[in-house]
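Two complexes are shown next, each including chain A; its partner changes from chain B in the first to chain C in the second.
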Partner chain A sequence: MKQLAFIVFQDNDNARYLVDAITQDNPHAEVQYQPAMIRIQAEKRLEIRRATVEEMIGREWDVQEMLIDVISIGGNVAEDDDSFVLEWKN
Partner chain B sequence: MSVEIKTNTVETLRHTYGNLQRRFGDKPASRYQEASYDIEATTNFHYRPLWDPQRQLNDPSRTAIRMVDWHAVTDPRQYFYGAYVQTRARMQEATEHAYSFCEKRGLLSRLPEALQQKILRCLVPLRHAEMGANMNNSGIAGDCIAGTMTQLHIYQAMDRLGIGQYLSRIGLLLGEGSGSALDQAKAYWMDDPIWQGLRRYVEDSLVIKDWFELALAQNLLLDGMSYPLMYQRFDQQLGEEGAADLSMLTEFMRDWYAESTRWVDAMLKVVLAESAENREQIQAWVDTWEPRAYAALQPLAEAATGQVALDEVRAALAARLHKLGLRRPGVAA
Partner chain C sequence: MTTQKKKLSLKDKYQYLTRDMAWEPSYQKKADIFPDEDFEGIKITDWDKWEDPFRLTMDAYWKYQAEKEKKLYAIFDAFAQNNGHQNISDARYVNALKLFLTGVSPLEYGAFQGYSRAGRQFSGAGARVACQMQAIDELRHVQTQIHAMSHYNKHFNGLHDFAHMHDRVWFLSVPKSFFDDARSARSSSSPPSRSPSSTC
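Moving on to the complex of A and B:
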């Protein structure tokens, strides 16, 4: 069975930068635009990097800021100051 | 009875405005893009401006620098009015807090007299230089074309006005509420030999006709040395002499400077990459203004930090120029 790590955002102005950053860092990820939300999923692992997001939005960005726009996630979370990783480890 | 809930998706027909679709394709545009591109009129000017009848309004020939499209220069901070105002409001809130703390505790007025005098003589008169920077950047915003360029410079102008006001507040704190310290600082700016070099540079920059030359003289070369010199080196030295409390009041300037160098460098990178002619012209202007900025700051550095600090700051600017692919004057490529 496929194990998909995923994250779902509200479809708003913040999320667009996040989606751009995530697709740049995770070329294997698939983006689904659903009503009012955006789901990004990838086999096994999905990584959100602070440096890439900062480059996209042009300012300092705290990984925790992202949670305001998050609807749901799937995967084990490994979070630190520089990244937010969703992963199925088994 | 069973109720069936159906979702209905409405596809967006147009993701953004036509001008942005033509530039970036049909996808949702950022607020920055929507607020910045193709705002200024480029055609059908009926009358020439009375203040410059040789040219049209929004005429690209007000600078020797040539760009196919000045919109190629964008703000890495993506400031449009909303984002800019929100960021500055946040910064100002923190700064206001520092000022009221300082005022409540009398942190400046309890410094030794000699240190207070030094701050008044070496720092507060910079507010007049900030006023010059405000006028220069407003002028650039008026003469340059493309909304992305105009935005950068008009926000820069407003920032400089704000910094001038903060310096005035330091003067008011030193004068314990009266304007006498500000009058004294104005007298230093007008007559004290340590300020005459900088005053001359600022006054000469006010009449530079080519707006891109002015942008270099002001935002790259003068600020590139005066900010690190006065807000980093001088601040550090005051701290060692026992006036570390002043750092609370100049923190805004340090944060702001770190932020503003990003867009100045990003702008230059794009303009330098456009053509060899641009590169040559910019290098020629750097050759003219870099030594002048250095000379203008020398007497001030002598009184405030010592020459060594200015030379180090100049070397740091040279490294920044080198990174952009420019040379410091007098140094072979």
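Moving on to the complex of A and C:
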């Protein structure tokens, strides 16, 4: 069975940059554009890196800022100042 | 010259706002304060090893959720000012709202109560704070849902007494029963009579 790690954002101006950063760091991720929301899923693991998001958005960015735009997540979370990882470990 | 780090790391902040907010009781015995913790015979050897991977703390929660709610309530306002209820594309949408308000919103409230009670019984600060976070999030959900639908309540029948309906409408008996059981399970909400020898 496939084990998909996923994150879903509201489809807004912030999310556009988040999606760009995530697809750059996770080439295996699939992006689904649904009404008013964007779902990104990948087998086992998805990583969101602060450095990449800051590069895309052109300013300092706090990982927890992401909460404003997140609708849902799937996978075990590992969060620190530099990244937010969603992962199924077994 | 060294400059002081202007921001706490996420890890430090989590430490300060969870472990450092807890204390060892001195007036009461720990077993009396958390009577349910060992009721099922599960032994927790070191609560400090339990750390929430989602390092959420109250300051960040309110900061970002408040920003999110500002956006949401601006939408409610715009909807009300423009009589949005007169422009819904299908009347059945209002029926779906009624189902949601009677079937789902009270369950969010039930989840809030359940997490509050479970958290109350954990002596470990990490798990206790995680329960608190989950509880306030569920409470926020039920509040925003009620606020969102209160506009419809001004213009349509059938939304005025959802808590009453939640207790009585047959098709809600399954979700209601699940949450009633989950909230009242012996391990997280029992009275403090812990052993056969207990006198109370």
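Please note the rule applied: the second predicted complex is superposed on the first by the 90 of 90 C-alpha atoms of A that agree within 3 Å, B and C clash if a C-alpha of one lies under 4 Å from a C-alpha of the other, contacts with A are read in each partner's own complex, and residues count from 1 in each chain.
Note that in this section a residue touches a chain if its C-beta (ideal position, glycine included) is under 8 Å from a C-beta of that chain, and two chains touch if they have at least 3 such contacts.
Treat the numbers as computed from the prediction; the structure is a model and nothing was measured.
Asks: What does the overlay on chain A give for chain B and chain C, a clash or a fit?
Replies: Overlaying the two structures gives chain B and chain C room side by side.
Asks: Quick check on the superposed pair: does A:Ile57 touch chain B, chain C, both, or neither? Answer first, second, both or neither.
Replies: First partner only, chain B.
Asks: Contact-wise, after the overlay, does A:Leu4 reach chain B, chain C, both or neither (first, second, both, neither)?
Replies: neither
Asks: One more residue to check, A:Asn76. First (chain B), second (chain C), both or neither?
Replies: The answer is second: A:Asn76 touches chain C but not chain B.
Asks: Which partner does A:Ile68 contact after superposing on A: first (chain B), second (chain C), both, neither?
Replies: Only chain C is touched by A:Ile68; chain B is not.
Asks: Should A:Val31 be classified as contacting the first partner (chain B), the second (chain C), both, or neither?
Replies: neither
Asks: Which angle, as a multiple of 10 degrees, do chain B and chain C span at the CA centre of chain A?
Replies: If I round to tens, I get 110 degrees.
Asks: After overlaying the two complexes, what is the shortest C-alpha distance between chain B and chain C, in Å?
Replies: Least C-alpha distance: 7 Å.
Asks: Enumerate the contact residues on chain A facing chain C in the complex.
Replies: 63-65, 67-68, 76-81
Asks: Using the touch definition from the top, list the residues of chain A that touch chain B in their complex.
Replies: On the chain A side, the touching residues are 13, 16-17, 34-35, 57-59.
Asks: So in the complex, which bits of chain C are touching chain A?
Replies: 9-11, 53-56, 60-61, 64-65, 67-68
Asks: Residue numbers of chain B touching chain A in their complex, please.
Replies: Checking each residue of chain B against chain A gives 7-10, 28, 30-31, 75-78, 87.
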